[in-house]
């Protein structure tokens, strides 16, 4: 019963099989191999457009490389205060950009809204040499609170950003999970909504390590070959990344995996809500559930070896704040999360009498 | 017949099998998994010492991260002018160190000697604020010319470096190949010879992407967790790197692979020397052969689809320089290089009559 | 009637005379001159302690160099959100530190309090590689709202910072102005209150360009000679900075200048308060006055060519916020501000009848 | 008798007088003052062209800022191995450019020639992500050996550089000294010969601290306001730099000063050559003399308190190398060097009988 993250699983069977299949034979080094070429073509098809693609092994690398291509050292990247680039990457965007400023903004559900962005931009006079110059807007889809920007919300944010010539970046570590929630096309959720650069995450959703930095405007990508190489992210045996990504994209495998993870989250939410006194913090919209648990429930779950993280309630709606004796937690599901695990969790959380009846369920 | 590099092959069967075996189940993220812990222990045993280990996916990352831990932005790293860190990483060491100076020095066979290093150090006054301060010496084992430092040579270099308090780094992209040539222990070729930090390469010798940054003095490693994270090199599913490395080290697999590659180089050298007019540039000491080919031979080999790189004769011994109608080339063998490939190459290079008789050999 | 800043004036007569006197003869270059040596000694006496001193030509350089000596690239500097280092230096601290994070915190009067700092530190777990590591606390004395930290307030902040091993930096662009307000010794307002590093500003208070970076713990200064040189801030004719600073410190000249400026602010405040409907935003404590002006007054003052800046009310006490038809402004006085200028301003702001009677006052 | 450098003197009388004259009154801060505006206009006239001008206080800042505007972090700057940017600025160009590579090339007299530059460029393949990309060529006029590039030599170098789209930078720390030697116009020695960016030095030739970064192609300067501010080189009281520069340029004062310094060098050379066994290393072409002194002469001069630096013979013509018992030295003259000093030096160097007769000359 490990709900700590969607990166505690390995790869999907299909992704693993592709790695095995790609292992033989000779391939050109440093991304000049045939599989990488096929992946680039496949992503152009997925996004219905000619795009620039760069495979890397980590989401931090993807985000930072993408942003560094549009942000000068005196630039500023606007994002949510809780976003991964602002809080969880040990200053990677500052490193890759040679010292740009990451400006964290407020927003319920770890989502930004156009008024907040516009207000911040109004405080940053264009051209004043004393001021870091706004250069990019970065949003996370799904957000760090597991919430999904609608197409209209994304468009509205991009419009504000573009009005000041900011590039718009989407941290899509959970792009697939958001996409199947919206039920739209990848193009609609990205460039058609104003996204200029996308960190297209695959690691959390079924690969071992594979992310694509995608530039919808290829002219923004001219520095990437140098930036990727110089940061050690141009792997010599490029087939490693490409084979994973190829299998991931094939025949909608990535969407199947995301649907599985999201469905597990729905079931998990139901299981949690069946426990006495449990409420939900942010609405579940992708593969993360943020329950507010009474202390007794939390204790019971942990006693049963369930693993999950306590979470900061900072960006909850005021009405949803944990009360005394409660706390907010994060549960994440992946393509691997099993029904048995969820049932076991539900059973473990029940007060004694009920729990004993379900104790027979065996879960690894 | 691809002799372009030892990074055109995939992984060894054992390494691949380990990846498959590690794929199931739940593992903690970001290198806190059990396999990583086992790898750290295995490397302590390999090196007969308590060491600090950090797995990363590329040699460029390994070298740059290691050097950045000991080199301030105003520091200088002394190395051979032809070394990978100086010539082939698009300024990665400068990036990771926030602007240190990479000082390329001369040396036959792309090897440094103590006198050259001492002479350079004498030109860099300690403490003068106008001068970049020598902070590290980096040597490649095997060198970019495929040559191997003897234990005595390494010790002598380290002694000069340590006399000015420089840290000594070994770029061991081909550590295993050099080791089996010397027939010594990993400890003897590294810390016992004065090496402080080692980029322990496994990618070229049988992994898909796995390198270990090793600090023999653990106090030099205190910044590494931050530097690795901040550069995007702390992979979320740490098992990917760890599973490869574990299999690589198990039961001397890595040494078997290196012996195979080195032996292929020996056979390849013999095949090349059997061709009329072929000489060897730098002595073959690991898994690289640098023949000087008459133009006619080169043409015949390329016509037969043999793939290999032309190479700069800069650091050849003066007496070995290519003459008119000749050029220097690099052939690299790997654990995968087959006898058939080598025989086919030998056959392809022979003048017409002989070549026809061997043309039956089938090689992919 | 220019109240835009205390950097619109030139140098004091004494400082200028010192420049003239120092101009002749031969002096060693790059700060090895005799005058610099005397200045270092004088500052040791002023601060009653053996200190490390580095003269530079700008406050931005002083702040950034000081902070870069204690903040690694993955470090964080805590400061007020409105502080000069966070808002007005185009990312200089990020540049000098190779990408550290400047964390802006809230606080009325642009002052921090210990609880706010402690709360922020509690959110930044020590040693977690995902998180920028708190490395320094920087406070501005006087603050960007012209307010002065008491000795107790400074001590309390330093105590919180030191409990997590942060270095404590004081941006003393207006050190002298704050000092004469408190009436304490330089030692009391700095190292005796827990300050580790001080940007000792002299430019605004009577020099043309002269700031001293002071390290009370000399061991923190070992990198400074390299950092200063490498950033182009080691002037070749060191006498330029040193001669100014020597005259500035001599016989309490710097304190006289600050008293003059502060006294002018007192008179200016009185003149502004004599105008109908004028209130004061932040209490005047040094050489800046922040009046809340009715629009009509503002118009009259500008019509009379008075120059001053509109100012953000962000950190006003809630009760002092400008109401409709009002706005907050900043007026700064310097050692050069004349009584005539202040009288003229007061006259210009008066409604018609009164104004006419004072219109005779002639001011440049 | 101090011949250590041209930065051991103060300012010329006219420059000092301008500082005094500019001290009164109110001036806008951060370079928006009237004097700066006049200086920009004056420099446009001096260079017969509309140019972008940025005043800074040090030559290191001028060089690094200029280069950082045209060199990406993965760029390379080609220059002489002995140039100030490569050897004497503690890695400042690397710092300002966020890690570019400074590539030092050989050349007699510390001058580059087109063939050397072309050969180096041929080794740096355009577009290869493994290789730092050549971005700028920087030459020093006069060179670090006191030698002057002819207009034809500069043009030929610029032509090679421009053929690969490198920007061409001139480190003109001694621009005036070279200019009066050539007897051409500032335009001819700079943009008409292919120079794109110039560090126009004034400090060594009569100012206390004043350099102008000049962009002949204004589009290359768009980043400069941010880069200058962010590095702490936008002085708040801009009049300090501007007043010096205005006086420096007025009525050819700068050329008079340079003629004085160069003439002193001529006289100094004569005095040195009058001593037995003295030869000249590099031809004297500006305000530096590089004699090869027999040890006995060196001892006599030092005994008489003459101050000058020993110098590296690295880039001497082979035929001019010091022999046993000799060494190379550098003597620099400035606008302040007096005939008396030179005569005293000549006298001090003479063997006993002669020296005694001149011992009456009194010099400080």
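Order of writing sets the chain letters: A, B, C and D. Residues in each chain are counted from 1.
Here is the rule we use: a contact is a pair of C-beta atoms (placed from the backbone, for glycine too) under 8 Å apart; a residue touches a chain by one contact, two chains touch by 3 or more.
Treat the numbers as computed from the prediction; the structure is a model and nothing was measured.
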Set of chains adjacent to chain A and to chain D: B, C
Chain whose average C-alpha position is farthest from chain B's own: C
Inter-chain centre distance, chain C versus chain D - centres from mean C-alpha coordinates, in Å: 35
Rounded Å distance, chain B centre to chain C centre (Cα mean): 53
Mean-CA-position distance for chain D and chain B (Å): 43
Multi-chain contact residues (two or more partners), chain D: 73-74, 89-91, 95, 98-99, 129-130, 226, 229-230, 234
Chain B-touching residues of chain A, taken from the complex the two chains share: 2, 4-5, 7-11, 16, 19-20, 22-29, 56-62, 64-65, 89-92, 95-96, 203-204, 208-209, 226, 229-237, 239-240, 364
Contact footprint of chain C on chain B as seen in their complex: 30, 72-74, 98-99, 129-130, 133, 223, 225-230, 234
Touching residues on chain C, where the partner in the complex is chain A: 73-74, 87-91, 94-95, 97-102, 129-132
